[in-house]
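Here's the structure we're looking at; comments come further down.
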Amino acid sequence: MKHKIGIADTMFARTDMAQFALKAIYDSGCSIIIERYTVPGIKDLPVACKKLIEKDHCDIVLALSMPGPEKIDKICAHEASTGIINAQLQTNKHILEVFVHIDEAIDDKELYKIAEDRTKKHALNALALLKGKDALQKYAGKGKRQGHADAEAIRE
Amino acid sequence: MKHKIGIADTMFARTDMAQFALKAIYDSGCSIIIERYTVPGIKDLPVACKKLIEKDHCDIVLALSMPGPEKIDKICAHEASTGIINAQLQTNKHILEVFVHIDEAIDDKELYKIAEDRTKKHALNALALLKGKDALQKYAGKGKRQGHADAEAIRE
Amino acid sequence: MKHKIGIADTMFARTDMAQFALKAIYDSGCSIIIERYTVPGIKDLPVACKKLIEKDHCDIVLALSMPGPEKIDKICAHEASTGIINAQLQTNKHILEVFVHIDEAIDDKELYKIAEDRTKKHALNALALLKGKDALQKYAGKGKRQGHADAEAIRE
Amino acid sequence: MKHKIGIADTMFARTDMAQFALKAIYDSGCSIIIERYTVPGIKDLPVACKKLIEKDHCDIVLALSMPGPEKIDKICAHEASTGIINAQLQTNKHILEVFVHIDEAIDDKELYKIAEDRTKKHALNALALLKGKDALQKYAGKGKRQGHADAEAIRE
Amino acid sequence: MKHKIGIADTMFARTDMAQFALKAIYDSGCSIIIERYTVPGIKDLPVACKKLIEKDHCDIVLALSMPGPEKIDKICAHEASTGIINAQLQTNKHILEVFVHIDEAIDDKELYKIAEDRTKKHALNALALLKGKDALQKYAGKGKRQGHADAEAIRE
């Protein structure tokens, strides 16, 4: 039976992040069914993700959003993250949070690149997690980052 | 069978936000049943929304409120938001949060306009979400805002 | 059958807030059964309120407390509020939070007045909510405050 | 049947707070069964308390800890408190939180005194709460504090 | 029947923290089954830990991660901690959080030492907790720290 990946995205984001995920999944050559759910904003994501799992039987979900730069936006992102973690605990399924904060880039061009890189990498992480709990073990402790360069490993 | 939209609103708000929602739904021409629940303040909204879903069988709910400008008001809004997200996860229904912060406007006139615009747009979002999870997909990543002008889209 | 109102209060508060609630309910002339539960402090309120609903079959509860002025007191109040909202979601009953922050008054005399006014008004709100979800609708968006003067309504 | 009090404590605390609780309970002359559960740190308390209630059938629990002075310690204490409130809501039993913040005393000697006073008073509060929901009513609104002097009552 | 310890770790961490846990468990001579689950980042840990308990039947879990130094990293760690506490309450099993904050060390060398010490000590704490709720009682109130030197005990 084919695996099903859910993609929850927002009208609020400033670029169509779902396209990055769809391209990464397509390019991977994996045969996967996609269910997509578009909601107004970041706080609507937790229940959308939970419905993708419980109603549409997705095995894993990507929650895509682009929080604004203001203090209130940070609080919204925090509330959404809390809800997304709760939704995972209630369903025993992963929901990979792909939030790109508008103020983490110096300009729109960089913002676009971060969004593309982070979304694509997490789409591949989702595919890996579908294979089992040891699929990402080779990267454990490797300072892997999404949207930015990896961090350096530390040694004794 | 007709869809049912819940509207939960507060005595605390400084204008009758529910009227905006009712007008937008009426103007849409959609045949919808409305259930309204008025509570004292923002922290009373989560359980009111949940009861609208579980006791009154609403398919979706609008949670309308107008948090004050003080630090304590921001905390109240955060607590209410957290509760509203939990209520959604417990019912698998959307509750669209329409909070207008009193300090996001320069004067009462602008505050009124934000409240009207945000409430009406989210009332239409609620109608769209009743149609299915792809009804808002055409707006995905378009920088849509409620209460303010849309944000610019970013490109490669 | 008579309605039952729960009153949860604390040893920590600096005046017997429950007396205000009891007086307001008595003065209303409504025939109501009261269950009272006194706990040490604000963080003990959520479970006390939940027990008033689940063990003592209260239809609605007033949670009375008086958080201190320090940063740690604010955090305690936030934790209690979060718990009170969760208790409501778990029981589908309202718990009206009546918290009087010691630093919102300029002196003890004003603090007493705020405590009295807020508690009495919320006791009446509780009585109204027992009548149904539209009992407070006439006050919707009227800028109603408890403990302070009402806010001005805004217009187009 | 004898009542059972749970005591959850930590290796992190800088003095054996459980001894204070045990002494207060012993000195009260009440015939009580004690179950004690020692965990590494404050964040391990919520599940320990819940297990004391659900596995060891405690009627009430004391959660003893001594959060450090750093910002990260405050966040840990907040997370633990939130968990302790949730554990209470899930079990309908009181868990009295006895947290002594290392920075609330001017020196170790005062810290010790606060820890002793707060723990003993809350042990007695636990005994009282076992008697029923009105056992502490005579102290309602009396400005009772644990670890510090009581606050002054306010009047009209 | 042999006990089972779960180890949940991340790609984000800058060193393979799981190796420290594995070594400590091996060196202890205890006969234990290990289940390991590697996820992308800290927010993916709560559901991974819960699955280790519910799907893989682990008796206790170590949640290993290394939050970054930025404000957003601190918020992520807070969200993860909240989720980990919830996962414990939902399963009645301990999940020992082993978070090493990148900014608690002056350089990478010290960071490595903290990570090693904290992980090994918590691995041994996990083994102790498997023996029962009094296995750590001899260390109660002893100011035990993981990753840093123990704190001094206070006396009367």
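In order of appearance the chains are A, B, C, D and E, and numbering begins at 1 in each one.
Please note the rule applied: a residue touches a chain if its C-beta (ideal position, glycine included) is under 8 Å from a C-beta of that chain, and two chains touch if they have at least 3 such contacts.
Owing to the predicted nature of the structure, the values given are computational and were not obtained by experimental measurement.
Colleague: Give me the chains shared as neighbours by subunit A and subunit B.
Modeller: none
Colleague: Averaging over Cα atoms per chain, report the distance between subunit A and subunit E in Å.
Modeller: Using C-alpha averages as centres, the distance is 25 Å.
Colleague: Using the average of all C-alpha atoms in each chain as its centre, how far is it in Å between subunit A and subunit D?
Modeller: 41
Colleague: Note the residues in subunit B that touch 2 or more other chains, in rising order.
Modeller: Where subunit B meets two or more other chains at a single residue, that happens at 82, 86.
Colleague: Thinking of each chain as a vertex joined to the chains it touches, would you call that graph a line, ring, star, complete, or other?
Modeller: Shape of the chain contacts: a ring, since each chain touches exactly two and the loop closes.
Colleague: Report the order of chains around the ring; begin at subunit A and proceed in the direction of subunit B.
Modeller: Listed round the ring from subunit A, with subunit B adjacent next, the chains are A, B, C, D, E.
Colleague: Under the stated contact criterion, what part of subunit E meets subunit D in this complex?
Modeller: 74, 78, 81-82, 84-86, 88-89, 92-97, 101, 122, 125, 129, 133-137, 139-146, 151-156
Colleague: Which of the residues in subunit C come into contact with subunit D in the complex?
Modeller: 9-19, 35-40, 43-44, 46-48, 50-52, 54-56, 68, 72, 75-76, 79-80, 82-83, 86-87, 90, 108-109, 111-112, 115-116
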